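Labels run A, B and C following the written order; every chain starts at residue 1.
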Amino acid sequence: MKKSLIALAVLAASGAAMAQSSVTLYGVLDTGLTYSKGKESVYGLTHVGGNTNSRLGFRGVEDLGNGLKATFNLEAGMGVDDGTDYFTGNGMAFRRTSTVGLAGNFGEVRLGRMLTSSYLAVSRYDAFGDTGIGASRAWGNGYAPRAENAISYTSPSFNGFKFGGEYGFGEQKKARTSRYIGVGATYDNGPLSLGVGFDRMNDVAFAELDDSVTPAVVEKWSDDLTTWQLGGAYNFGVAKLLGFYKQTKYKEVGANDSAKFKTFGLGVTAPVGAAGELRVAYNHYRVSADGGKTPKANQLSAGYVHNLSKRTALYGTYAYLKNKKDANMGLQLNGAMSLGKDAAGNQLLNLSNSGVQHGLQLGIRHAF
Amino acid sequence: MKKSLIALAVLAASGAAMAQSSVTLYGVLDTGLTYSKGKESVYGLTHVGGNTNSRLGFRGVEDLGNGLKATFNLEAGMGVDDGTDYFTGNGMAFRRTSTVGLAGNFGEVRLGRMLTSSYLAVSRYDAFGDTGIGASRAWGNGYAPRAENAISYTSPSFNGFKFGGEYGFGEQKKARTSRYIGVGATYDNGPLSLGVGFDRMNDVAFAELDDSVTPAVVEKWSDDLTTWQLGGAYNFGVAKLLGFYKQTKYKEVGANDSAKFKTFGLGVTAPVGAAGELRVAYNHYRVSADGGKTPKANQLSAGYVHNLSKRTALYGTYAYLKNKKDANMGLQLNGAMSLGKDAAGNQLLNLSNSGVQHGLQLGIRHAF
Amino acid sequence: MKKSLIALAVLAASGAAMAQSSVTLYGVLDTGLTYSKGKESVYGLTHVGGNTNSRLGFRGVEDLGNGLKATFNLEAGMGVDDGTDYFTGNGMAFRRTSTVGLAGNFGEVRLGRMLTSSYLAVSRYDAFGDTGIGASRAWGNGYAPRAENAISYTSPSFNGFKFGGEYGFGEQKKARTSRYIGVGATYDNGPLSLGVGFDRMNDVAFAELDDSVTPAVVEKWSDDLTTWQLGGAYNFGVAKLLGFYKQTKYKEVGANDSAKFKTFGLGVTAPVGAAGELRVAYNHYRVSADGGKTPKANQLSAGYVHNLSKRTALYGTYAYLKNKKDANMGLQLNGAMSLGKDAAGNQLLNLSNSGVQHGLQLGIRHAF
């Protein structure tokens, strides 16, 4: 196939202004086989991603002089298995990232929809990086890793120390609905890495099928979510040790009910030869509700990634989750397949109480 | 970050044919803070755009020889605040522009969905170019700036004089539903610019909440819209003076009801130094319905644009609208935020009768 | 317009890995006038495409060494007439193709959504290539040319002989729902070309308006579809002769009802000068249901394609369909316009029984 160099013209919206440009088209396609077994079993093709969540994006930087830069990023999430956007369930929207901003010595200010500083500061201590069946449940359950209608600030690095935060407008007459505020800070120095984050989300909507009554009803309510999380890692060379703690308090709006969801996560990643990486993680989950039982669950995940090149890898992940004390948690199937979803959008197999779930993913990740 | 030149291959659909190509990827990201106050107030991030409506597009031209060219343009409108398409409210569709055509000495014929010749001929005399909170209401109220399922013709320039028109098929058995026909003509000669347009849209659907009865009901009807508009500008160098008049007649289909919506617009734009531009506009709106009152409103808008480069600008706009005689109009928030919308898709704050609305936008526009 | 060469950076998702890339942006825009006349008539702009179905895509190949390659393809289908995706009716999703895979001496394995080997092996003997108003009805009626959530294998060529197959997961607890399995084989040697295919689709949902009762009701059911198809072509130089036979058996799930839809297709394509191509096709359709009548229809299609360049063509197609014995079939308008659609998504004009339908398309196809 003969190829021709392409000349992409850069044209400002006015049709008159023009300048040299740098727009980057990039993407990740990640899919493979997902098998999961609880009370029932299901198998199919991975929807969101098993190693790196699939995406298609455009980004660019313009040098404005005097150390000032304009930046933008538009990134959609597509499920390779069926070609749809895994946020909209339909056409591609830039729901992973949609930002325009200014960067300089002062750091970077961005407007739009983006991963929050708090999430970024601590989710990196999940050995499976909140991706695939091995990921921790810590980043689900109504906790949103992204803010929208938001202003974001990220500081420059002060000897390895950085911080940032987001404020997301509710854009309602009743202004607190959907409002987000959060901050995160990180410290990176050679082998040592630390992170801490705080989030508050107002009036997050929840829904749950209550089939203890006949006919079954869908209960709807909204909660204020307050999250504290911190984590750290140390790279010993032969292996990297990771750990984090996260707790989210759910306070029902207009009621006295509240509950806490806590996650203790531990992980190890280790290079295997020049092209391989081993990952092991343990997660302990604990729910403490007002005057009730304390549902708990434990999860063990193990995975191996084999890089065929810098852009392409094959991987396999196995995960095992065991519920205790009336807990009814499942692995993060992340919309992998067509089963019912819980209120947080996680897909759950029907587990019996105190049940067990196994999950397996074998896949390919290709970046361009 | 090392970069590699990319070779984009050009391949006809058959898989066999191939030729040199010119495809342009371009876009505008425009967002910022929007604040608006009527009876209530709302603030948040600008959805569609404050200075230039946000977009992502692909376009290209192929030289076919003998002065003939094939052209195409695909352009989607995305809200940077949340990453969704502001036409579909969901995934990106090419609802701003979707055309393929042939251009030559005879002008250009295009097929698809495009801004109409009538709208283009006159909306350029809105000092805020139908964008942001300072824009005139003239281009809303059910008046559609685009035709779809349409054939468009644009003439070449005859000493500064150009004309064009569109015919949009209804594509219904009852063929007049959604049908569009319109023409526009422009004259541009040095500092002088003139434009005139005519549109007819058949069977445009409307809906309105009637809460004067209990329970409140949604009334639905459809109107034939007939629009006459004309405008002009003169560039004195230190400043450019703009003015236009527009009237749309709404005739209810299958009934004797009709009404007219008239806009008188005046504006001034003036360069400020090498990088700035000042914009001021006054709009007078007047509704004349059969045998009823004559609701009126006045709007004053002022804005400043500061160009950081040819591609990037910061801007601020203030607008003020005052209703008279039972009028209940609002500023064009253009789907900026999550409040209720009127039948034309404009977002309205709850104004008291004879009410007042203030609006403020501070934002950034970045083109690539 | 000055143009700047663009440097597209290649960046793996991790932000660290990077390598030389080859991503291709490509597309086809095809639209024009469609006119169709049955009992009633409709005219408008072609939605999906008259010569080549419209599309926008990204694809790439990475050389992994040792003869191994990583491949990907993302391709959306857009209607140029209104800028929407003709699969979703809304935003662009990669519903034409969404695959990532590995290719080598062993052939190619792909994961995602793709045209099936069976469809590709035989649909190429439709002189109108399943595109536009001249196309055979063989590829509709609930028969899906694509598998999703699927694994695809395509063999290398063994002296002109190739084969392939797809398995599409149902991804339901009741695992056979939506499951697909199919195989296809082709032989290409100089002027001779042969193809054969088999498909089985489980639990395909159907719906039909039954207006023989008052009030009219929508009947819903699901069928298992089993398809056998084969075809061949011989290129005599002055003309190419094409023929195929296809039969799909519809077996109602949980019932004893079944029916067969059979198509006999014959076609001729012939070059006209250096830039033209003539196409003629005859299709005979026959439905054989349990103990009932045998509805039949005949279709004659004729078209001419004139290439303005390797990338751009003008074309015209005329098609005529005549129903016999209670048949109520229509031409494949392929969602061309806003009339009602049948259960298979084909648009049908209201034909009287034993009715006749005429169709005409005049259009432009531009590829980039």
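Quick note on the criterion: contacts are C-beta pairs under 8 Å (C-beta built on N, C-alpha and C of every residue); 3 or more make two chains touch, one makes a residue touch a chain.
As the structure is a prediction and not an experimental result, all values here were calculated from the model.
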Is the contact between copies chain B and chain C built from the same residues on both sides or from different ones, judged by whether over half of the numbers are shared? different
Nearest 5 degrees, what's the C-alpha rotation angle taking chain A to chain C? 120
Computed distance of Cα centres, chain C from chain B, in Å: 37
Residues touching two or more other chains, restricted to chain A: which are they? 3, 5-11, 18, 21, 23, 25, 85, 88, 90-93
In the complex with chain A, residue positions of chain C that touch it: 1-14, 17-19, 21-23, 25, 58, 60, 62, 64-65, 68, 70, 72, 74, 76, 85, 88, 90-102, 111-113, 148-151, 169-173, 175
Across the complex, what residues on chain B touch chain A? 5-11, 18, 20-32, 40, 42-45, 52, 55-56, 78-85, 88, 90-93, 308-312, 337-339, 363-368
